[in-house]
Structures are given as structure tokens and as C-alpha cells.
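What follows is a pair of complexes built around subunit A, which joins subunit B in one and subunit C in the other.
Up next is the complex of A and B:
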């Protein structure tokens, strides 16, 4: 691949991200148009921002690679990633927006009136964030290696440096607009090349090398258990992702939080058409990419493989730009929300504390990413979702919808879920992919119900610890608020 | 799809966590072997430690939750079998043995509550009715008896009687401190009310005059201004709630500036830069408007030629940061400091009130930061946490 074109695409995306971050809101206005209404974030913008933040390396590269490898089984990933928002819409979006808490630890502390719960939640949230950043950096490493031939570490380091610089320099002031821009960039970067490829294929009467149902690697299909467990992880895991939940505070009220979620569902559904198309085209026309051992790179390689020439180079550069946008947006969103939690709970308040926390939040996962090497992005992210579903999700759901939750129950449930799911992840890595039974490889189906059960049982046993502030908090969560001053 | 790198990362995290736990436990064990001084020093330490622990829980006055937590520490302090705290109407907390006596305690304490003198009751049917003796000491705050501390032990010696009396007096001091706190809050509320009343006379007079000047020349604008004026007063006179959102406060400032510009014309120029992420941040009611009014009245009114005010609101991590800058006449920093400290009365009552309220609600780290010098304009910065689940806008 033409390394120069790809490198130029990377540079353009990085600079554009930084520039929008710095100058997005620098347009000063005079009182002539002081309307506060014109300054609230419209659901459309906010939904784009959520899409931009949510669609990570796993969605951009991993889903297509998985479809190439395992066909229709892999469709559960995009289905789960999207359907998770339905859960968010139904159970969490509006009450959380009304709670007045800005982070998940803020929420649990306010709901359960306990510092200890806050500490445990903070720990879990930081762990989830770090685990989630690692696959993004792996994706960046893979992209750089495949497209420019530079060593892998360059990609991870480049993402961390760009994110740290923009966050530390205060460039994330208008983070909503940066993320919204990233969504549309990602969509364009996937849609234009695949449409072009389809036109070229249709025009030249290219005949498929293999039938779409043929598995290029000859792997057996996933079991029913694996698919159910994966779906549980993705459905419930979306509820607890720290960087996604923060976005809902940009909505002026609970009602627009719901509308935003509805638009997000649409935006994600449209987006996932394209990785699926890549996977299918890859299966039919370039199955050898699946046997190279790097299915995640398929999206990057397909345009050159099937179109070739200068046009192929340009399309590949566009895909690379989109992929980098995915790493940058998800990582920066995670770093900002982690830095908020770390600076508040560990380093103490203050601008300096936030910057230091941002650097720590980005550098620790960089260390993990450099020490390890990625195999399957979608799988790694799926496991992070399983961990979130076993820890943060039960606290959020029970905290919002059950009056009986106590601080002791919340801590017991989170610790149990975290230990079970984390233990399964570690046991799986020790045993190796080939020797891991399905129930260990996909722990969500039993770790999530166990976490819920422990939380409920311990709360029942410690019913005397229900906080005195319960009724006030619950009223606040569930009654519609007065609208923000937007009318005139 | 198990993925060994990620899992290795998770394993490293867990191992690091385990090491941290071991180190923390080790340090704690080591610390327990340290030399902690003579017996007397340790006794003093334990007494003061128990007292300060209990004191934290009593800072909100005599209430069941605080009393329950404090009674545990007070019982260790007195070394008795059971300890109860009551107010004038009922038992707030009972810690330790013989809880079956709880319903009868108010009867036993009635004399103490009425007379204000410590009572010592022997064990048995003539006294407490159980195997324990009781010392019931009054808690006297501001020369009123507001409750009792009752200590139960097998025998009530002079030592226990004296100590129980001292504990009751100490509880009384904590209750008085709590009352001081609540009267400070009341004072703040009174100041806010005064501030609302204070905005009006000056501003109402000027606004009405400005509107009057438009009635003949531009009736449509005059009508519009009257509506704005009505909306502004409705907001500032509203009765409910100590908090509002940044968006509502900005709207109030918008109306205020519209009226001021009717008077000053193009002499007042305002630019605004607000991050949408912080519009729903909760801030104390009327905490920005006085700052803008200060910029107009003390910064620009005294100055010749046009003046410029810049208002920004930024998303700064866990905080929302609001700045108000004018290029007016500025202030003398020394004078400003003594005015904010309340040593001298100045025209800047609004500034002082906002500063005091911010410190009271969010702590001393969140007071106003004011950068100014004579002739150099003024920059006021305010930082509030975005997350305030306890405050309803």
C-alpha cells in the first residue's frame, strides 16, 4: 500500500480532531443573539456524538473481520452493540439524566448515600475504561503496521499522544462537536469505499471466488450458548459504559435524552450495514484475507485488493482515516470520562489534577497495549462488555428501579460480578484460546445473573441499611423535570 | 472469542492490585508495632479520638442517625454497658445491652429533663428495674435542657457519674455548634433575600426611566422592554429553590443586559462563549447576575467610551468554569480583599454575597477568584462541580 497517502490521511484526521476541539466553540457572539436555546445541543448532534464515541475499533475493523471468519454468527455483534441502546433507552437514559450526577460513581454515591460504594464503583469504572482503551490501541497498532509498514508501537503511541495533547491543552472543550464530526467521518470512510467496490464489481462482472456460506478458515460455528452469552454481555454491557453515559448530560432534559437514544439506534443501524457488507464481500471475493491470520485488517486491505491502482490507494486512505477517527474518538471519550473519575477520587479537585489524571488514564492502557498483542478486536471488546454487564450494569438497573438496594448489596454484587467475570477472563487467557470451554470464554450468561442475584440477596439481608434519602432520590430520578430555560 | 493479550492485561492488573493490597496490609501491621508512647499518652489519645469521632456525627445536632453513630463512640469512652441519647420527646439512640428498657427510659429521664440535674438510679425494682444502675445526665444547650445522656453499668460509682456529666456537657457543646451552623445558613438565606431586594431600587428606577424614554419614540421597543422587565423581576423574586441552572441564570443575564443596553445604548458590548455541555449545570440562584451587574455598574459606568464584557462558560473536567471579564476601571486589590472579608462595607455587596454563598455550598476552594487592578479591568472566575445530586435546580 502507498504509505505516503495513508500517512497523510492519518495526519489530516489527527489535525482535524485537534482543530475542531480547540476552535469549535471559539466563535464569540454579541448579545444580539444571546439565545440560550441556540446553544443547547440538539438531539441530532448529541446522537451523532454518541455514535462517534461508541463506534470503536471493534465496530470499525473487528465486525467485518469476524463476519469474514465466522459468517452470520458474527452478526450478533452489531445486533448486540445496537440493541444495547434499546436497553439504555428503556431503563437508564432519562432517569440518569435527571439524577444530576455526572459520573457513575457520582450516581451510586448519591443513590446509596455511601462513600464506600463510590470508591468501589470508581475502581470498577477505571478498570472498565482501561480494558476498553487497550483494544483501541491494538487497532491503531495494527492499522499503522498494515498501512505504512512502521513498527506497531507507533500507532498506539500516536493515538495516546494526540489524545493527551488535546485533552491536556483543554482542547476537549467542545467534545460534543468533535465526536459528532467523527461519527460522520467514520460513516463516510466505510460507506464510500464499499459502494465504490460494489459498483466496480457490478461493472466488471467479477465472479465470486467462493459462496457466501463457505467459511474460509473452516472453523466450526459458535454454539447456541456462546451466542446467547455474547448477546447478554452486549445488551447489558452498553448500560454501564462510562463514556457513553456522560454524553446524556449534554441533553437539556430527560425527554431529549430519550429522543437522542432513539436517533442513536438509527445511526448505529445504518453504520453497521457497512461492516457487514465488507465482511460479505470479503468472503465472496477475497477469502484468502481470512487465512492470513489478521482478519481485522480486512477492511483496510479490501479496497486495494479489489479496486487497485490510484483509486484503490485513495479509498484505502479514506478507510485508514476513518479507522483512526474511531481510535481517536473512543479513546479521547474514555480518557476524558476516566480523568474525571480519577481526578475526583484520587488526585483531588483542580485543573492540574484533571490533566495529570488524563495523562495517567491514557498512559496506563498504553503500557498494557505495548506489552500485549491483539488477535481479535471484536472479541476483546465483547469481553469488556461482559465485565461491565457483570459490575456496573446491575448497580445502575437496580439503583434506578428497585427501592430495596443497599450499599452493602451493591458492593457485594459488584465485587462478585467483577471477580467471576475477571477470573473467567484470566483463566481463559492462561488456558489459551484453543483449550477454553465456551462457558469460560463467554462468562456473561452466568456472571451477570449471579451479580444481580448477589446484589438482591445481600440487599434483602441488610434491608436496614436502605438510605434515609431514598424517597427524595427516587422522586428526582422518576419525575419529569422542568424544562431548561430555552423558550423565550 | 477468548483473547489472550487482553486477558494478560487483565491478569497484570489483578496482580498489581494484589501487590498493592499486600503492601497496604503490611504497612498497617508494621504501624501497629510502632512505639505509641506511655499509657497516659495512649489513654489521652483514645479519649480524644473517640470524642472527635463522635463529634463528627453530632455536627448536625441531635438526630437519630447522628446519635446512633455517636453513641457507639461515647459508650467506649465511658466504658459502660449501655448508652442512650434522647431529646426532649423520645429516645434517639441506644447502644449496648438491656435494650428492653428502652420504652421506659423517657419515664426515668422525665425528672432530669424537667429539673436539669443529674440523676443516679440504682439497679433493681426501686431504680431502673433491671440489673444495671443508670446515670442520667442532662444535655444543656443555651441553658435549656435539650436531651439526656444515659449511661448504664452494674454499679454507678462517682467516677461514672462525673464522666457521664462531662460527656453530656460535651454533647451540649456539639449541639450548640450545630445550632450555630444552622443560624449561619439562615443568615446566608437572609442575605440572599436582602440581595434580591437590593438589586431592585437602583435598577428598577434606571430601567423604568430608560423605558419611558422609548414610549413616544419607539412604542414597540418600549413594550418589549416592559415584558423583559416583568420577566426579569419574576425570576429574581421567585420564592422556591436556592439553586438554578446555568441556562436559566444566563437567560436572566440576557434580560438584564437588554434593559441596561436600553439605557447605555452601544456603550455596553457583550460577547458570550458557552460550552453547551455545561448549560444544565446547577449553580446557586442569582450567583452570576450580581457579577455581571458589578461589571456594568463598577466597571463600565464609571468609564468613558464603550466598554466590553466577555462571559464564558467552559467544561473543565468535573467542573464547570464561568468567567466574567470587563475592560472597565477595575478595583484596588487590597480594598477588594478587605471588602470580601467583610471588614469594610462597599458598593460590592453582590460580590461578597456570591463569594460567601459559593464558599458555604461548595467549600473554600470554590470562592470567587477575582483578578483586577485600577484601570486594568476585572476578571472574575467561578468554578462549580458539575455533579450536584443533592441540589435541585
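Up next is the complex of A and C:
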């Protein structure tokens, strides 16, 4: 690809992000109080921002690459990512907003009245965040290498530098506008090229070179166990992601948290039609991209492969811009939420602590990303969902819906789930993808139920530790807010 | 550039919180709260269960009817349309039904608890 065009696309995205960030900052400064501003954030803006933050490298590049490789088996990824939000709506959205908690550790501490639970939850949340940032940086490295020919590390370092600068300079206030902009940028960057490609294919009467069912690499299809376990991870992993929870806080009340989630589901459903279309078109018209060993690059390469010429270059630049929006938005959302946790629990509150925490939250995964190699993006993000589903998900679900949960039970369950799932992830990466049996490669189907079971059994055994504040907290979580005097 | 520490909006939250927590002062208030939580949980489980049944039925349908997955509609195999497009309206419909019914449960609680 023309390296200059790709570099220009990157520069435009970074500058646009910064400009919108500062514009938004000015708005929130004139209103004086961030929370006055946040209550005027309309559900559409807020939902776009949630979509912008949620759609990561895995959704933008990984899903299409995986569909190219695995066909209909890989369609479970976008379905699971979307249905995870349905589970979030059903079980978590409104009670979590009503809890008034800003981070997951805030929630567990308030619900279980225990500092120890807070510490363990913080540790788990930081681990989840770091694990989730690494694939974003891998995606950036891949994009830079494929599109500009520069060394891989340039991409990862560039994302970390831009994110650190914007977070340290602007903090949380302007981020809603940036994230909302990035959702629509990502959607455009996927939709325009694929529609153009389909138009060209229809116009030239270019006939498919392979049937959609044909696997370009000849891999065997995934087993039923793998698909079910993946779905468990995606359905129950979404509701524990730290950057998702922060976004719910900007809803004025529990009702609007539900309405926002409903819109998010619509936005995600529309978005995922496009990676699916890329995967299908790739399978039928350019299966050789699946044999290159870098299926994640398929979305970046397809426009030039099938359109070519100057138009192909421009479309490819648009895709690169969208991909960088994905890396930047997800990484900055994670860094902001991690910095909140790290600064509160480790470095002490205050602006200096927050800034230092933001840099630490971004640099640690950078080191890890530089030392490791890019696996399939959708697959490695899938494992992060499995880890979240085995640790944060049980404590949230049981905390919201079961009066019997105790601090001892919560800690035992999170530690068990974390050790089982983390152990499976480490064993899998040591053994290599080829030598890992399915039950180890997709641990969610057994690690999630085990974490739930341990949490329930230990809570039952320590029933005397149920906090005295229980009925007050449960009332707060589940009863509707009285309409505010300042509201409609 | 100044930074605002992110904490709960105390002035706005207080009236709502007080009125909500007043509900649990009495034993009757707790009965209403418990019944609200039970009905919301039941609703969430029913919607989640219904969705999962439909989700599971899609691949079963494709497996049960030979050739169905490969049948082309506008050049696209039916299996791809079903899993790649057809599931999303089911998700949206479940979410919409849930949101409506959950709001109705809360309205009923408000009436019972005399919160207004």
C-alpha cells in the first residue's frame, strides 16, 4: 500500500481525536460542572460513546479475519459480543447505575462492606484491563507493519503515546464526544469500502473464486464444545469489562441506563453486519488472504485487492483510519478506567496520582505487547472475556441478585475463577495453539460455573458475614429513582 | 487545565436516595422491595432463557434440514444469513421487550410503595 496515504490517514485520526477532545473540554468547562454536563448527555450520544469504546481491534480487524478462516463458526464472535450486551441489559445495567458506583471495586466495596473485597476486585480489574489492552497494541503493530512497512513496535508505541497524552491532558471530561465520534468513524470506515467493493463486484460481473463453505486453510471446523464455551465467555464476559461500567455512570438514572443499552444493541447489530460481509466477500473472492498467515490484515488488504488503483488506495486509507480509531478508543477507555482504580487504591487520590496511574496503566501492557507476538486478535480478546466471565461476572451477578453473598465468598470465587482461567491461558500459550486441547483453549465452559459454585458455597459456609447494610443496599440497587426535581 | 475529581453528584442524588431508602424503614416496605427484585429477576431469566433457546435453535435448524445452510438467497447461503444477520433482530426484540416490562414492574412498585 502507499505508505504516505496510510500515514496521512493515521495523522488525521489522531488530530481529529485531539480536536474533538479539546472542543468537548471547552463545552464541559463552560457548564462548570462535569456532572451537570453528563446529565445532559443524550442517550444517543452516550450509546454512540459506549459503542465507540466497545468496538475494539478484535471487532474491527479480528472478526472479519476469523470469519475468513473459520466461516460460519466465527459468526459466533459478533453474535456473542452483541448478546453480551443483552445480558448486561438484563442483569446489570439499571442496578449498577443505581448503585452510584463509579468503578467495579467501588461497587463490590459498597455491596459487601469490605475493604478486602475491594482490593481483590481492583487487582482483577487491573489484570483484565491490561490483558485487554495488549491485543489492541498488537492490532496497531500489525496495521503499521502491513500498511506502511515500518517496524511493528512503531504502531504499539504510537497508540500508547497518543492515549497517554490525551488522557493526561484531558482526563475523563471530554471523552464522551471523542468516543461517540469514533463509533461513527469506525462504522463509516468499514461500511463505505465494503459497499464500494460490492458495487464494483456487481458492476464487473467478477465471479467468485471459491464457495463460502470452502475453508482457505483447510483447518477442521470448531467442535461444539469450543463454540459453546466461547459463547459462555462472550455472554458473561461483557458485563464485567471495566470501561463499560464507567460509561453507565453518565446516564442520569436506571431507566435511561436501560434505554441507552437498547440503543447500543442497535448500534452493535448494525456494525457487525460489516465485518461479516468482509469475511464472506473475502472467502468468496480473495481466499488467498487467509493463507498469508495474517488473516487479521484481511480488512486492510481487501479494498486494494478487489478495487485497486487510486480508489483502492483511498478506501484502504479509510479502513486504516477506522482501525486506528478502534485501537485508540478502546485503549483510552481502558486506560481511564484503570487509572481511576490504580490511583484510588495504590497511588493515592489527586491529579498527580491519576496522571501517574494513567501512564503506568498504558506502559505495562505496552511492555507485554512488545515482548509477545500477535495471535489471532479475536481469539485473544475472547480469552480476556473468559477471564472476566470467571472473575468479575460472578461477583456482579450474585452481588446484585443474591442476598446471601458474603465478602469471603466473593474473594474465594474471584480467586478460584482467576486462577483456573489464568492458568488455562498460561498453559495454552506455553503449549502453543497447535498442542492445546479444546477444553484448555476455551476454559470458560468450566471455569465460569466453578467460580459461581465456589462463590455460593463459601458464602453459604460464612453466612454470618452477610453485611448489616444489606437491605439498604439492595433497596438502592433495585428501586426506581424518584424523578429528579431538575429533570423532566 | 483543571481536573474535576469524579465522584457521585451529591446534590442531585440525595433526594432520590432518601426517598428510596425510606421505603426500607418499614417491614411492609421491605416486602415490596423483595417482590420487586423477585419480579425483575424472573423477567430477566425468562428473557435470557428465551433468547438462548432461540440462539440454540438456529444451528439445530441448520443441522436438521440437510441442504438448508447452502440454499442461496440473493447469492448468499442461508446459513450465513441466519447466523450473520437473522440473530440481531432477535436480540433487539428481546431487549425491547425486557426494557418495557422492567419499566412496568417499577411503575407497579411505585404505585404499591406510594413513592410518588
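Throughout what follows, the second predicted complex is superposed on the first by the 467 of 488 C-alpha atoms of A that agree within 3 Å, B and C clash if a C-alpha of one lies under 4 Å from a C-alpha of the other, contacts with A are read in each partner's own complex, and residues count from 1 in each chain.
By definition in this document, a contact is a pair of C-beta atoms (placed from the backbone, for glycine too) under 8 Å apart; a residue touches a chain by one contact, two chains touch by 3 or more.
This structure is a prediction, so every number in the text was calculated from the model and none was measured.
Peer 1: State whether A:87 touches subunit B only (first), subunit C only (second), both chains, or neither.
Peer 2: second
Peer 1: Quick one: is A:266 in contact with subunit B, with subunit C, with both, or with neither? Answer first, second, both or neither.
Peer 2: In the superposition, A:266 touches subunit C alone.
Peer 1: State whether A:340 touches subunit B only (first), subunit C only (second), both chains, or neither.
Peer 2: both
Peer 1: On the A-aligned overlay, A:480 touches which partner chain: subunit B = first, subunit C = second, or both, or neither?
Peer 2: second
Peer 1: Please tell me which partner, subunit B or subunit C, touches more residues of subunit A.
Peer 2: With both complexes superposed on chain A, more residues of subunit A are touched by B.
Peer 1: Can you list the residues of subunit A that touch subunit B in one structure and subunit C in the other?
Peer 2: On subunit A, the residues that contact subunit B in one structure and subunit C in the other are 25, 34-35, 39, 100, 102, 170, 172-173, 253, 340, 349, 351, 354, 476, 481-482, 484-486.
Peer 1: Of all residues in subunit A, which touch subunit B in the complex?
Peer 2: It comes out as residues 25-31, 34-36, 39-41, 66, 99-103, 106-107, 109-110, 127, 130-131, 134-135, 138, 170, 172-176, 249-253, 336, 339-340, 343-344, 349-351, 354, 357, 365, 368-369, 371-376, 378-380, 382-384, 422, 425-426, 428-433, 436, 440-441, 468, 473, 476, 481-482, 484-486.
Peer 1: Which of the residues in subunit C come into contact with subunit A in the complex?
Peer 2: Result: residues 1, 3-9, 12-13, 15-17, 19-21, 23-24, 29-30, 33, 36-37, 40-41, 44, 47-48, 51, 55, 69-70, 76-77, 79-80, 83-85, 87-89, 91-92, 94-96, 98-99, 102-103, 106, 109-110, 113, 115-116 of subunit C touch subunit A.
Peer 1: Which of the residues in subunit A come into contact with subunit C in the complex?
Peer 2: Touch residues, subunit A against subunit C: 25, 33-35, 39, 72, 75-76, 78-79, 82-83, 86-87, 89-91, 94, 100, 102, 169-173, 212-213, 231, 253, 255, 258-259, 261-262, 265-266, 269, 272-273, 276, 280, 340, 349, 351, 354, 401, 471-472, 474-476, 478-482, 484-486.
Peer 1: List the residues on subunit B that touch subunit A in their complex, please.
Peer 2: Contacts found on subunit B: 1-14, 65, 245, 247-248, 250-251, 254, 257-258, 261, 269-277, 279-280, 282, 310, 314-319, 365, 385-393.
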